[in-house]
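Comments concern the structure below.
Letters are used for the chains, namely A, B, C and D, taken in the order the chains are written, and counting of residues starts over at 1 for each.
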Amino acid sequence: MSTLRFALFGAGRIGTLHAANLAIGRGTALACVHDPDASRAAALAATHGARVAGSVEDALDACDAVLVASSTDTHVALVEAAARAGKPVLCEKPIDLDIARVEACRAVLDAHPVPVQIGFNRRYDPDHGALRTAVAAGEIGRLEMLLITSRDPAPPPPEYVRVSGGLFRDMAIHDLDMARFVLGEEPVSVYAAASNLVDPAIGAAGDVDTAMVVLRTASGALCHIDNSRRAVYGYDQRIEAFGATGMLRSENHAGGTVSRFDAARTASRPPLPRFFLERYRESYRLELEDFVAALRDGRPPAVGFDDGYRALLLARAAERSSAEGRAVAPW
Amino acid sequence: MSTLRFALFGAGRIGTLHAANLAIGRGTALACVHDPDASRAAALAATHGARVAGSVEDALDACDAVLVASSTDTHVALVEAAARAGKPVLCEKPIDLDIARVEACRAVLDAHPVPVQIGFNRRYDPDHGALRTAVAAGEIGRLEMLLITSRDPAPPPPEYVRVSGGLFRDMAIHDLDMARFVLGEEPVSVYAAASNLVDPAIGAAGDVDTAMVVLRTASGALCHIDNSRRAVYGYDQRIEAFGATGMLRSENHAGGTVSRFDAARTASRPPLPRFFLERYRESYRLELEDFVAALRDGRPPAVGFDDGYRALLLARAAERSSAEGRAVAPW
Amino acid sequence: MSTLRFALFGAGRIGTLHAANLAIGRGTALACVHDPDASRAAALAATHGARVAGSVEDALDACDAVLVASSTDTHVALVEAAARAGKPVLCEKPIDLDIARVEACRAVLDAHPVPVQIGFNRRYDPDHGALRTAVAAGEIGRLEMLLITSRDPAPPPPEYVRVSGGLFRDMAIHDLDMARFVLGEEPVSVYAAASNLVDPAIGAAGDVDTAMVVLRTASGALCHIDNSRRAVYGYDQRIEAFGATGMLRSENHAGGTVSRFDAARTASRPPLPRFFLERYRESYRLELEDFVAALRDGRPPAVGFDDGYRALLLARAAERSSAEGRAVAPW
Amino acid sequence: MSTLRFALFGAGRIGTLHAANLAIGRGTALACVHDPDASRAAALAATHGARVAGSVEDALDACDAVLVASSTDTHVALVEAAARAGKPVLCEKPIDLDIARVEACRAVLDAHPVPVQIGFNRRYDPDHGALRTAVAAGEIGRLEMLLITSRDPAPPPPEYVRVSGGLFRDMAIHDLDMARFVLGEEPVSVYAAASNLVDPAIGAAGDVDTAMVVLRTASGALCHIDNSRRAVYGYDQRIEAFGATGMLRSENHAGGTVSRFDAARTASRPPLPRFFLERYRESYRLELEDFVAALRDGRPPAVGFDDGYRALLLARAAERSSAEGRAVAPW
């Protein structure tokens, strides 16, 4: 089978990771890189023997598929351009921070249908994925409660916070998508409580850094999400699924397996991995692999545009709930 | 120092446990037992060489202190009688299911002040207690999030559910008290979502069996509680305290330390203890010890009448929130 | 059924524990206490409403069964006296440090047969026992390797070391018995290597404090034992059984369930329990219960005189092996 | 700095892994591949854009350094050829199964000194390495006992067993090297006991499959190694270092982080990784990286020829001990 040549938009941190995955992946090649920062694009392209695309059009001409890893505010325009050019797209989350723009983008996709996958890479984490598969297979009977703990090791800089769209659209959105993924049914009610406890600069930027969310589905299943922008012991990523016949927990990845015992404490382990690219490295690789497999097999991508849209609606509902002190309907 | 002679009201499951603790405790003695079921009272009294009290007055006459472990609807009358007789009381939770009756009882206690301790025994669990002590000592810096998981192994019979006061006043009340204990400040907002998922008979009895609660304090700390009436793997009792400089977790007690490894799974452990009297045996003993110490030292009991009252107000707020779909103020 | 009245010899640390178990046990009573230190005997007897026996004969007259918890050098004479008086005996380990005396005692027991149980209480530890039961039930297929880790929290005082019989007869003997118990067949070869690393005073007393033993059975199963007189993190008691279809591990008992996470370390637990009477409290209780049940049912005690004898022969073999640098046959 | 071009001898399982590491490593390139099976060499060379070397001389001409991953019986000749050609060598373990040949090889190296590293890759495992670093830094005080558990998931085919050199030279040799690495001093006595329990075919091939080793150093430190050719729950690789002020354990790598709880068992995890190339993938990469760094820095490789020689002498001593039933001196 022929190799799928990708145009990569964005040569930053996540673009660099995707570039490496494209370069070593089976059946994928990095054809060209586009980035507003031309030298950054050139450096990344050179590493993998790809070329720099001088324009979006140039990039789209030279590829079979598109990977959008540029800044969030450029996502919609690139997805639309790819759709018009008839090229399948793997687009990093979120589609956009603005729901109206996302809806407009959807209209473009309706007119120019191409396969689109949204980069909720955590669905591809082997452990989270194994938990979801077991839940879906009925291993714990009916799912009654889901608990998602998701805490970053350290807060982002205030300048990022200001353009991030806020904790719910920037950070919790991953967990809201994970909730939909594992619950297997849509939430019908969203409650959120949030505070600015970690860093006053985040509050000054109009955002929160600590939050709890409760989702409720039509069948009555309950889901808890908690977020913090700072966990000193590392990147804390856990899921607990509680059902009628058992419980499943996707525990943290270890930061090393050496345990220490002394007169003061026993069984202590090193801190958790601190960096999301390290913690979720495998999930980025598998996400790309599945996108390519979907294109090959002619099936829709497993994480579609609508998943990106719905996660955003849940994030918006959480914002409203937090402001109004009541549960709100997300749709 | 002289021995403190107790009158025990209630010869059921919890009364039996308290009787044994009174019998073997330092500085305590079981003087007499009173129970509407005279043969039950007689059997328990005989076990410990105590006598049966023919009436409440008889019991109060024969004792230095009172332990109320009778059915909930008798608590207030017994506390009031003890107060009028000038006898200190250790009263099982809840004081009553009806807030007006609790307030009336408080008025009686104001007029006839005696030391009263409410039986929130879990505060005396050595592990939960160590967590709270560490939080209070600042070991994890400012407390930002608290997560309390509290799941019973199996649902109570429907006839109990009907008189229990409902999940929030009967079961969550322990966790609401624990939240106050660990948070170190009062919740100002309560949100709850609840479902009937475990047993339709519970729903038919007008109650829920699965719930999540979110508390928020004035300083912005957030607290999650989740409850289920049925956890097939045993009695699940965990607390996680997340703070600015660390995290503390009071993990489940083991149901045994043998782990199993085979071709299908590794490190598997036996189910958790299934019975609350087994899981919290030590806490009942320590609760009594501390009550006696408080009387001896002339200090107020560590868990006072007001703690019982406030936990009940929080439970009521959770009920309202669950019904109205919004966060409510508890006080 | 009538209560079994015990005469207790020895009012020291272990005697005190046994006295409490006799006092609270079903179907047992502490009739009298005998100890060379009369005031110690009186104090213990008073605690439990028992009387002090003025002599061995007096004690034997007043009882249905005997519990020997006196100093090791008195065990044989007391077992023999009990046998001659026709009273069943539960005797603390070791029977004696001297094999010739043990053999002479056996001759007396052959002439005056009474039920005798040797106090290898660890066989009654619920976790070690569950491991052994699972091995015997074939849960891990054929047992191929057994690993026993047994480390004391702190070394005994040199004066004790001097009369202890040495690490192998005093400490490893428990593990050698455990090995026989779990292996289910007799070792045919014993190798030991030992060092004086913990405390020079132990070496000066002619003993070692650190040892490894390898046992081999006729079928080829291998068993490792390691001992240290000092583990700063607490009393370390683990067993690992490795078989054709799986592995079982009896892990340490926790010194508390609170785990701590901070910037330097995660999941750290408190030190292990430090005191053997605390770690094995339940096993002492169950050992007594089983002894009484054996008497009631007319079956031989589960841990007989021969078990005490064989453990001693294994300890002697380990000593020889350590001295000679070669594996030796124990029988 | 210029890239180091490697000639790779051996295109089998381990050669393939090394080829990939050479291809993606910083500062390394795979120049050519040599293998008696020309098509296997061609396939591997093609994957990485390298060429096939028609002869050993051809390969040595075309490279800056040599990686020997061919069958054991060819190691010595290739190391000698590389030395004569003045090329540094990273040679897989063991150097040879025959000690006389190893000594002859050493003589050649004395005459033609080049940097030689032996592939005891486990020293580079980040967790084992962290344990050793902590021991060397005195984190647990004086090291008193070391326990190494090393069990393969499944036995090799009998045809491999026949040419493997036996369990001690083929499998335990890794653990004997690890013992030297962590102990920080040489063993002076070796005891081994071994059995054929796993597979009669292994016994028929003249080998054992289950073994325990005890090492003793001059200072009195003790070391236990246990080996099995079959652990149904996966590849079991653990190290425990016990010292005067603490204990360190390098625990198994997880086969996944999802734990399961149901009515029969709690906290069960997936089986361990089953394949050594998966378990030690990182160590192979770091081993190569360190070899290259040593060449660059002009320092001797961290794991030298003498380490390979000494591990072999320890394996031979274990064989002798197992045959003779006594501890033997290894040197």
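Worth pointing out:
Keep this in mind: contacts are C-beta pairs under 8 Å (C-beta built on N, C-alpha and C of every residue); 3 or more make two chains touch, one makes a residue touch a chain.
Quantities reported herein were computed from a predicted structural model and do not represent experimental measurements.
Pairs B-D and A-D differ in how many C-beta pairs touch across them, and the larger number is found at A-D.
For subunit A, the chain with the farthest CA centroid is C.
The distance from the centre of subunit B to the centre of subunit D, with each centre set as the mean of the Cα atoms, comes to 58 Å.
Subunit A and subunit D have CA centres that are 40 Å apart. Chain contacts: subunit D has residues 232-233, 245-247, 260-263, 270 touching two or more partner chains.
Subunit D makes touch with subunit A in their complex at residues 126-127, 130-131, 134, 139-140, 245-254, 256-263, 270. Here subunit B touches subunit D in the complex through residues 232-234, 255, 260-272, going by the rule given at the top.
Every residue of subunit C that touches subunit D in the complex is listed here, in rising order: 142, 144-145, 147, 149, 151, 189, 191, 193-198, 210-212, 214, 216, 220-222, 224, 226, 228, 230-233, 236, 242, 244-247, 325-327.
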